[in-house]
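Okay, got some structures for you below.
Each of the next two complexes has chain A plus one more chain, namely chain B in the first and chain C in the second.
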Partner chain A sequence: MSLLSLAVLAPVVAALILLLVKRGAAILALLGAGTGLLASLGLLRGAFLGNAPQRLMLPGLPDMPLRLEASALTSVLSVLVATVATFVLIYAVGYMRKDPEKTRFFATMLLFVAAMQALVLSADWITLLAAWELIGVSSYLLIGFWYAKPGVASAATRAFLYTRSADLGLYLGVFLLIGASGTSEISATLATTGTAAMIGGLLLLVAAIGKSAQVPMQDWLQRAMAGPTPVSALLHSATLVAAGAILLIRVAPMLPPETLFIIGLVGGLTTVVTGLIALGERDLKRLLASSTSSQYGLMFLAIGAGAPVVALLHLIAHAAIKSGLFLGAGVFQHERGSTAFERLAGSGREHKRIFAGFVLAALALAGIPPLSGFFSKDAIIAATMNATGAGWLATLAIAGTVLTGGYMGRAMAQLWQGKVEEAKPSGSLVWMGWGMAVLVTLAAVLGAGFPALERLLGAEIDTTLAAEALGLGAALTGLALGWFLPADRLLGPLLPWAREGFAVGGGMDNLVMRPALAVARAMNAVETVLYEAVFVFGRLNLRVGRGTRISDEAGIDGFIFGLADTMVRTGQKARRLQSGLIHRELALTIVTTGVIAAALFAAPLFY
Partner chain B sequence: MSRDLAFLLPELTLMITVALMLVAEMVRRAGLTLLIGLAGLALAVWFTLPVLDAGTTVFGGTYRIDLLSGWAKLILLPATALSMLLARAELSGRVREGSVYSLIMLVTIGALMLAGSGDTMLLVLGIVVTGLGSFALVAYPGDDAATEASMKYLVFGSVTGAVMIYGLSFWFAGSGSTLFSALSGMQTKPLLAAAGLIAVLVGLGYKAALVPFHFWAPEAYEGAPVSVAAYMSVVTKIAAIFALAQLLRDLPIQTGWAWAIAAIAVLTMTYGYLAALVQTNLVRLLAYSSVAQAGYFLLGFVALGRGDIALLSIIVFAAAYVAMNIGAFSVVLLAGRDIDAIRGLGRRAPMLGVAMVIFLLSLAGIPPLFGFFGKFLLFGAALKAGFLWLAVIAILNSVLSLAVYLRIIVAMYRAPEGDEAAPRASPVAALVWGTSLAATLGLGIFTRLFFS
Partner chain C sequence: MIPIVSLAVFLPLIGAVILLFLPGTSKAVSHGIGIGFSALTFVLTLVMWSRGVVPGGFSQVEEVSWIEAIGAAYRVGVDGLSLPLVLLTSLLFLLSFVYQAKSSDRARSFVILMLMLETASIGTFVALDALLFYVFFEVSLVSMYFMIAGWGEKDRQRAALMFFLYTLLGSLPLLLAILGMFLASDPYTFDMRIWIETQPLTGIGGMLALIAMLFTFAVKIPAFPVHTWLPAAHVQAPTVGSVILAGVMLKFGTYGLVRFSLQMLPDAFASAGMVVLVFGVISAIYGAFVALAQSDLKRLIAYTSVNHMGYVVIGVAVAAMAVDPAMRAVALDGATLQMVSHGLVTGALFFLVGMLKDRAHTREMSHFGGLLKITPVLGWSFIFFAFASLGLPGLAHFPAEFQIFLATLNISPWAVVSILAIVVTAGLYLRAIGLVFLGEPGKEWLKMPDLDGREVLVLIPLVALTIAVGIVPGIVLDTIHTTTTSLGF
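On to the complex of A and B.
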């Protein structure tokens, strides 16, 4: 069995065994994820040694086999996914210790990991589509894990429908690219140029906006925090949300400048808007969720600036940092039973070690040297300064950096300031602590590995002193503002709006979901009205026939009221009187046929 | 003559089987009737394999033994077997249970006639044979709803049948022959061609439940036993669609039929899903969903005459549609017809719940399930024929369809109100949905098999 299939199949097999034996959930999950991680590392080693990429093919459609391929880029991503998954699962052993449905949890997590591996390793669009849908479905199951809690099921459905409607862009884009290039192999379709590349790129951007929670579809991610914390750490830092950015990183070589600039603008707007939302948050997990959107905005900026490798570096740094932060948040939540800041105040001083880890990750995210976030963020600023449209992109990138410092500073302040409650000893903390420690360590030191990665991916990144100084200055300003000033002072009149998530026109609900349902109801109403109209019409004729008699008996008023009554009554009877309906339906059939006939008879005039 | 009969071995087998089934029914041995039927179907499939791609015709061109009719047998005969098993699970022990099996078999023979027809007379015959059996099947429960539904189906069928036969006479007048292959000469007589085309669309559109000829379908499916609804939504529908494909292959594209088909496809998909969105009865919901799915088949039609991709995409989607639709109906049979009945099903019967989710997601066209590969090929065929707008509308409808199917899925994983009974346990039905599940899950990756 090749390493490639092992990386994808190990979690699947573990999940299946788990579903069959229904015990030993934690151990099986760790075994599956660990095996997958080793396989991924093996793939990465092969890439470093310069071996030919491993490939795997399944029959699939004629001329369009399903392919997996471990190139340099995809093996890096595979290791990233496997690493975060493994340590999040280690943490989850503690977090889910008392949950009665551990089996379901670990099995779904493993399925998700497998789907994500298939996504990053896919070498053709059909496999990618399949994996894309699978991560959508498994994330739906994971966000809705505690379905019995109020609001959880609807949050899961919302997350699914939002990303799903954006997936339309992926389908259209993929069909366009396959149609334009005649093959489903991703690397081959990247040779597409001209209008097809531009429109295809924009369509893929729509899908990426949905999955990576970018403006204007940022709203679902905060609500998706209804799931267990390990789910938030895995899905909403390193994997599900990353799918959008990964998609764009992979197709970046194809994109023409106009598309790139639009991607950059979307990212820039997101990083500022969701940064502001994060500043206004009153809940730690929701703050982290908004900050995820904001950081992915920075990655989109880097892609837009023509530096996909920089985006990848930030993706990697962010994955380690953000999952570490989520795991820290999970410990505080575990102890205080809530993630609202007013309940969490002072909990940082109860668990000093956990808080130290949280601070380390927070500083890394803000971009303080020598932590990993510093290198990737400076590279982003440097890239935007050299890009076309630098005036826009670089400004947005620096604003995003200030805001990052701001909300992380605020989060730390909220956790530290406040009164200490009695700490209770908890056995779960060991597993949770270890899972978090590894991720935070990675968050701190990953920067040292970046040059090697750059060489592997064939992109030397040069940053300038100006960019470093600007980035560091922005980060420190933000941290200071966030630590010392309360949110209402920082945001001023924007605060209520930010707390609403900058909903425009009532948000997506009003713009998309309600109209769609309204149309459906209207169709139903039309059908009902048609049913009833026929009867009313028939009765009307009868009435008119007897009209003279009625007007003799009760006068014209009685006639009108009688008619109204009859309409109501016939409307109620309509459903029972089936025999007449056939006339009506046949009539409708004939009318439609007539339209088609007219069109067909007219057709020869145009040939 | 004997050459022709050799090619007709599968059909002959089925006819003898029906005769034997009627004998078994006469001695009131329903189980035996079923067994004979299943054996006959298996034998017929076996006989089909050697002549799968013979690419020939028999009886002077009136009946085609080609790719389409060959795959029709390989797809419809297993579908018939699954439907019979489903009927066994639903109607076991009822009066005249055996008649259901014989009738189903009879309708299937008519369906094969439709799928292989190369002549307008055979087409009419196929419509009549499938129709007669189906009316009786719908009326089987004998209650008011079923009788009404059957009556409606019959009246609708009579009117559309009459229109079709009348219209087909124009083609005969134009080409001087009842053979489809003579239709190529119709290019110079566009008005006659259009008259016949309308007639065919009415007749086959009724059988395939395309909008605007679909009105009978929700009523009939609701009145009929669930297993019969599953059968009709699959076998007669696919047969009519294959017949339409047989016919349009030979009709010159200059008559403008592609645009008419595209328009009906859009109407069918959109109307079907919109109507399904507000149904609370699961059988009606699946009925409208079957209407909408029929629209997807038509996507492949616009590429007819541009290589094999059109036929193959229709065939692959037909196979996928059989697996996922019969699967979904069998779960409804076990769980109950109302959307409230399925509430909490995902927890009362986890395996059944997962199976239903997979059937529904496949119907919505989610990769990597079988339904996706079928739809993917159909989209590709439409694109190849230059109907980009049609493919885009179809993809938009796929998003809409997810809302339809997600309503069921969400209900299945809601907490049940009060204590609903666990779904009926039935090993026969489990065999049906198990088989459908395996096909829905596994066949997608092996779509290439259909191309060998």
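On to the complex of A and C.
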């Protein structure tokens, strides 16, 4: 078995065994994810050694086989997914220890990991599309994991519907690209140029906006926090939401400048808007969720500035940082039974080591050297300063950086300031602590690996002193503001609006869902009319039939509808109904014969 | 040489006749005969499947001359379009008999009716003689009529009347079209193979015949606005009746659309393709939205059939308009596979709604809540098939709808607006899942039993095939593709 298939299949097989034997959930999950990680690392090693990319072809649709490929880019992504997944699962062993439905939890997580691996390793559009939708469903199942709780079902439904609406962009983009190039192989369709490339790119952007929770579809991600914390850490920070950015990074070579600029604008707008939302949040997990949208906005900015590899670096740094932050949040939640800042105040001082990890990751996200986020964020600022439309893009990137510092400073302040409660000793903290420690360490030191990655992906990234100074200044300003000033001082009149998620016109609910339901009701009204009309028509015929029978015995219509009438009146009992029907068949035969005869006589007219 | 195809057609009828002349048969014997004969028929269709199809025509043809003077004969055979549908039919009948085995409501008459209906259904798909096709087509309606009228729900009289009206109005135009084709053929024949090869009717005659056929098939499919019999029939029909109606009988319409309208009148269909396409698009979108507005679970699923069959109409219409043969094959592959997928998935959904109704005696979604905790097997099965029905990749509908939409965007781009319906479908299924299965379990349902062994047995083959077709669509598509790439026009 090749490493390529192992990376995808190991989690699937583990999940299937788990569903069959229904025990040893944690061990099987770690085995499956761990094996997948080893396979991914093997693929990456191959890429570093300069081996030819591994490929796999499976029968799919006629002339459109399913393909997987481990190129340099896809191997890097595969390792990223497998690493985060493995350590989040280690953490989940502790977090889910007392949950009675561990089997379902770990099986769904493993299925998600497999789908995500298929997505990053896909080399044809059908595999990508299939994996894309499957991660959406896994997300639905995981957000809805505690489905009996109030509000959970609607959060899961909302997440799935938002992303599926946006997925139409992916469907249409894929149809367009396959039609234009005559093949479903991704690398071949990237040669598309002209209008097809521009429209195709914009359609893919729509799908990416949905998955990466960009403006105006940012709302579902915050509500997705109804699921268990490991789900938030894995899906809603490092993998599922990454799908949108990954898609755009992969198709970036095809995109014309107009499309790129629009992508940059969407990203810039998102990073500012969701940054402000994060600043006004009163709940730690929801703050982190908004921050995720905001960081993906920065990645979209980098892609729009023509630097997809920079976006990839920030994606990698963010994956480690954000999953680390979520795992920290999960520990505090585990202790205090809530993620509202009101309940969490002071919890940082109860678990100083966990809080230290949280701070390290927070500083990395803000972009403080020498932590990983510093390198990627500066590269983004540098890229936007050199891009066309730099005035717009660079301003938005710097604003996003200030905001990042701001909301992370605020989160740290909220956790640190406040009363210390009696700490309960908890055995599950060991697993949770180790899972978090590894991710935070990665968040801190990953920057050192970036030059090697840049060489592997064949992109030299030059950053300027100006960009570094600007980025660092912005980050420090933000951190200071966030730590010292309360949210209402920072946001001023914007605060209430930010707390509503900057919903324009009542948000997507008012703009899409209600109209859709109204259309459904209107069409159902039409349907009722149509439905009743047929009965009216039927009764009318019966009446005409009666009339005809009186005036003209031989009227075929009257005969047949009269019979039907008799049947309806006498058909109360099945037996009599059936005897009535035999007459009906007789009548039908007579009518049919009449029509045949008429047709035969009319036949010469056809010649 | 054993006439396998004819045996597969008439074996159920033989079973029905045996049962008819066995006096005073018990419930168990009746059901035993039903299961036995349908199982044997299923085996025969598997043999047919193993023999396969040939490119550019029909295989496994069996022929007996009948009325030579008018060129009518008994002719049966299969190609890549009909063979998957034959297999689907025999499978769904077998599962229906298994599902029905616990019922004691006039078991003997029910089994006789079902066996007759199976003969008519398989016969419709394998008939290669237009008169024979018409006879099977009509007989199936009669059997279904008795099933709804005799075993339906409270309001079956109304549904029966509606079914009657549509039967009368719906089938006659097809007969006229068949007569037109007959009179135009030289020498006179009802041989469908010759009609496909020579396409005897052209010009205005061809267009008139096409219009007549389209009317009949639109009622059968059913397409907007002549679909209203479908929800009425489904709501009143017994579970098994709904499974066969949705899983098998709706395909008569789309099968006829390809076999008669497209293959015998390709030129007329190409010029009228846009009209058909418009009706397909309206059906797909309208069906989805109306389904979203329903509160009765069975009615909801009935309307999703209008949506799914709308996609088939779209696929066939764009195939008729296609200039590039490769794209036409994609469209027809998708349309045909969609018929099979819809049979598997919607058949299963109707079984599940029946199982729910057997337990709760209601199908009103708002009456339920939290059933996933109480009946996990039923709940997860429903969620599985709901996701299959909304077109989840890896399950049966995805490859079919992917091909249909791919071809549509490249042949008639505007019609791809119908893809909006896949979001609406997702919304309505998630809403149904949320209302019925998620949330806090309702007190009155706490004692509801989960699925028993027989019920699970009914679902397992459908689950397996839904996954298999989704992941390796080639197991069905290879057969379909053999025919769609070798159409003679």
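To be clear about the criterion, the second predicted complex is superposed on the first by the 528 of 607 C-alpha atoms of A that agree within 3 Å, B and C clash if a C-alpha of one lies under 4 Å from a C-alpha of the other, contacts with A are read in each partner's own complex, and residues count from 1 in each chain.
The rule we apply is simple: a residue touches a chain if its C-beta (ideal position, glycine included) is under 8 Å from a C-beta of that chain, and two chains touch if they have at least 3 such contacts.
Predicted, not measured: the structure shown is a model, and the values here were computed from it.
K.L.:
Once the shared chain is lined up, is A:150 touching chain B (first), chain C (second), both, or neither of them?
P.N.:
second
K.L.:
First (chain B), second (chain C), both or neither: which does A:389 touch?
P.N.:
neither
K.L.:
May I ask you to decide whether A:164 touches chain B, chain C, both, or neither, giving the answer as first, second, both or neither?
P.N.:
Once the two structures are laid over each other on A, A:164 reaches both partners.
K.L.:
Per the definitions at the top, what is the overlap between the chain A residues touching chain B and those touching chain C?
P.N.:
Looking at chain A, the two contact sets intersect at 59-62, 126, 129-130, 133-134, 137, 144, 147-148, 153, 157, 160-161, 164-165, 168, 171-172, 175, 178-179, 516-517, 519-521, 523-524, 527, 578, 581, 585, 588, 592, 596, 599-600, 603, 606-607.
K.L.:
Any idea which chain B residues touch chain A in the complex?
P.N.:
Going through chain B, the ones touching chain A are 148, 151-152, 155-156, 159-160, 163, 190-191, 194, 197-198, 201-202, 211-213, 215-216, 219, 254-257, 259-260, 263-264, 267, 271, 274-275, 277-278, 361, 366-368, 372-373, 376-377, 379-380, 383, 391-392, 395-396, 398-400, 402-403, 406, 410, 413-415, 445-449, 451.
K.L.:
Going by the contact rule at the top, pick out the chain C residues touching chain A in the complex.
P.N.:
Of all residues in chain C, those touching chain A are 142, 145-146, 149-150, 157-158, 160-162, 164-165, 168, 172, 175-176, 179-180, 183-184, 205, 225, 228-229, 231-232, 286, 289-290, 292-294, 326, 329-330, 333, 370, 372-373, 387, 392-394, 398-399, 402-403, 405-406, 409-410, 416, 419-420, 422-424, 426-427, 430-431, 433-434, 437-441, 472-474, 477-478, 481.
K.L.:
Which residues of chain A touch chain C in their complex?
P.N.:
Result: residues 59-63, 126, 129-131, 133-134, 137, 140, 144, 147-148, 150, 152-154, 156-157, 160-161, 164-165, 168, 171-172, 175-176, 178-179, 516-517, 519-521, 523-524, 527, 530-531, 534-535, 537-538, 541, 560, 564, 568, 571, 574, 577-578, 581, 584-585, 588, 591-592, 595-596, 599-600, 603, 606-607 of chain A touch chain C.
K.L.:
Under the definition above, what is the set of chain A residues touching chain B in their complex?
P.N.:
58-62, 66, 126-127, 129-130, 133-134, 137, 144, 147-148, 153, 157, 160-161, 164-165, 167-168, 171-172, 175, 178-179, 516-517, 519-521, 523-524, 527, 578-579, 581-582, 585-586, 588-589, 592-593, 596-597, 599-601, 603-604, 606-607
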